[in-house]
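Each of the next two complexes has subunit A plus one other chain: subunit B in the first, subunit C in the second.
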Partner chain A sequence: MNESAAGSQTRMVQVRQNVLKHNDLIARVLREKFCGAGVFVVSLVSSPGAGKTAFLEKLLGMLRERGMRVAALVGDLATENDAVRLARSGAPVKQIITGTVCHLEAQMVEDAISRAEWQLAELDVLFIENVGNLVCPASYDLGEALRMVLLSVTEGEDKPLKYPSIFNTADVAVVTKMDLAAAAGCDVGLLTRNIHQVRPGMEVIETSARTHAGLEKIAELLARRRTLVK
Partner chain B sequence: MNESAAGSQTRMVQVRQNVLKHNDLIARVLREKFCGAGVFVVSLVSSPGAGKTAFLEKLLGMLRERGMRVAALVGDLATENDAVRLARSGAPVKQIITGTVCHLEAQMVEDAISRAEWQLAELDVLFIENVGNLVCPASYDLGEALRMVLLSVTEGEDKPLKYPSIFNTADVAVVTKMDLAAAAGCDVGLLTRNIHQVRPGMEVIETSARTHAGLEKIAELLARRRTLVK
Partner chain C sequence: MHELSIAMALLEVAGEEAQRHGSARVVAIHARVGPLSGVMAEALTGAYELAREGTAFEGCRLVVEQTDITGKCTTCDAVRGVVAAQDLRCAACGEVIREILTGRELELTAMEVES
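Moving on, here comes the complex of A and B:
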């Protein structure tokens, strides 16, 4: 690398560190606001197509049936498709369009909540679905109380080893599309061992939005973690 | 956003533009070098787990059986797993470990080729497998002559609409895991229409690394495009 390139890279790292530091400050204020309002905030990260939206649509419907007040923010580079899908659950939903940005930032979350004019104190759980990306969302705190990393059985058992940061910054791993495990030839035991190699002891929940398998366990997890935070 | 945040973001954009501009300069030199050596360079981009490595392993094996001199560079945040898998084809392979960087850059490609000590003039086709990411690799020219975007049938038909940049910067779309299309309930016609909505007329090839479906078409495409470039 020549001097000019090295210089650009160094400045890039410095400016990026400033942006991350600033993001952390906004995230801290958001977290205090969420705690004060008594809303439990859960973010979802995964590859594109791992099934975040299908999972969340079913989960929102289930939690609403049980009388919980839930809402969701959903990030994408383009389209309002996911907000439309999630709104079918009956929950209030707001889309965040990031344009070319490959991840959500705390400021985008704060802006979306202001635009939505939601009363946070009237919500029990707020979900934030990140842009599909197994790398960059790891670096951005969104003020959430719980971060779930979703991984589908069709992506290959090696993904935790190849994308360790996102597993290290998440609290719970959710295996999705379990109904396709046999067809995809996925060794779920190996997948779980690989998650634990990166993050020993991490809770792993196997789910299927199609069959609703594992959603009860997710609801229990949310109830348990919510009590811990409150 | 307050002034300090806006300032950081503006600086971030400026520095990022410099990095991209510098990347383009290196990519241009690489492209000239590849053309001069008569090697046809093909890059592969996709989500994590779309099946780039399985596809490439089968393709490398098939092209070698036909007497073509092929090699591959493969990018990942961590592990040498993919290089080990690709090397089973018998082709020379070099892993690029990016650490926390979510995409390959032209400089990484140049460095890897130097380290590998390959004689480019002795290669017919060089493949570059990018980090699994549907966003950032779109912005970085690697000096390739052809960019393939891969998308598996398990990711959902809406992905071209939600990640338009990567489709707009690629030359060919490859649908992978066609053997799972029925199990995943994928409407491949809709997927293709969505690709064409973003990129009218884009060539779309349906493949399966498991059944080898479509690989012959890929070999024909490479032969055809290679002749055009030469």
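Moving on, here comes the complex of A and C:
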């Protein structure tokens, strides 16, 4: 027992609760729902302008051509611009407008899915494009099976060292805009070493939405990881 | 600035726990934050001061304990600290640490309450 300033008795109670336990609980329910429906859920995180939307637009188109049933949720602070761009691929897309919130939370994903009225069992892969932000999304589980962190060659090789948490919570790193690597003077070897310094052993895939380079490898990765989950 | 969302989540969980323990007033909240949690301890403290205004937690202190990143080093066959968040190698032998054991915490650990 301690004496507080007011003179009343105080005691310590041990609690041990995750601060984000409400988010984690919703994420757990979502994950079970996704597994039950047999849909592989992939989230995409990156800084603003790294090329998530361009990458995803091309990837959705390619996967659809191969007969895969894909859909996407896309988060932004404002505007439906990204949803409009992604919808050009022909895939079902739903925008999540977060307002002032700089990241997606599990509740927003749950709400968007119910608003979209998608039959999850009729999807093979569902992508969730997070708000462009390398800090906040690291803390929030969205129920995804795979978290992809994207990084463009124009951002500087030391980005992973500046944002270790997001790279450390990701499962796969995707280097984007490889067609600009030479022009930007990007040392992709150094970039990859920096990724491995904050997340040893993480798979790194080099891509270009413009030339479609590396998209085949992404398709292979999705097929491989999906089998692992099933 | 997601520390404000985190601070609000912290108060929500603390409120539930206070109710569960039947405490009249919470004097201090103790939290544990790891370098890989994505949350900065200083920013959380600042956000907390905003979040508690006008709530039952006005006047309640936040005490943040910062944890270290540790992991299983296969070479040392022991739990070791790492060089840095930017360099996940064993601080003792330099071997790459693949299995992180601590450093991702974002927890409410204890509360000092008036009974």
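One rule holds in what follows: the second predicted complex is superposed on the first by the 211 of 230 C-alpha atoms of A that agree within 3 Å, B and C clash if a C-alpha of one lies under 4 Å from a C-alpha of the other, contacts with A are read in each partner's own complex, and residues count from 1 in each chain.
Everything below uses one rule, namely that contacts are C-beta pairs under 8 Å (C-beta built on N, C-alpha and C of every residue); 3 or more make two chains touch, one makes a residue touch a chain.
Fair warning: this is a prediction, and the values are worked out from it, not measured in the lab.
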First, second, both or neither for A:C102, with subunit B first and subunit C second: both
First, second, both or neither for A:V135, with subunit B first and subunit C second: both
Partner chain in contact with A:Q197 - subunit B first, subunit C second, else both or neither: second
Which of subunit B and subunit C A:H22 touches, first, second, both or neither: both
First (subunit B), second (subunit C), both or neither touched by A:Q9: both
Partner chain in contact with A:Q119 - subunit B first, subunit C second, else both or neither: neither
First, second, both or neither for A:K159, with subunit B first and subunit C second: first
Partner chain(s) touched by A:A184 [first = subunit B, second = subunit C, both, neither]: first
Dominant toucher of subunit A (residue count), subunit B or subunit C: B
Touching both subunit B and subunit C, residues of subunit A: 4, 8-9, 11-12, 15-16, 18-19, 22, 102, 135-136, 139, 161, 164-165
Complex contact set, residues of subunit B against subunit A: 1, 4-5, 8-9, 11-12, 15-16, 18-19, 22, 26, 47-49, 76-79, 81-82, 100, 102, 107, 131-136, 139, 152, 154-156, 158-159, 161-165, 177, 180, 183-184
Of all residues in subunit A, those that touch subunit C in their complex: 2, 4, 8-23, 101-103, 105, 135-139, 161, 164-166, 168-169, 197-201
Residue numbers on subunit C that touch subunit A, as the complex places them: 1-2, 5-6, 9-10, 12-14, 17, 21, 23, 27, 31, 35-39, 85-88, 96-98, 100, 104, 106-115
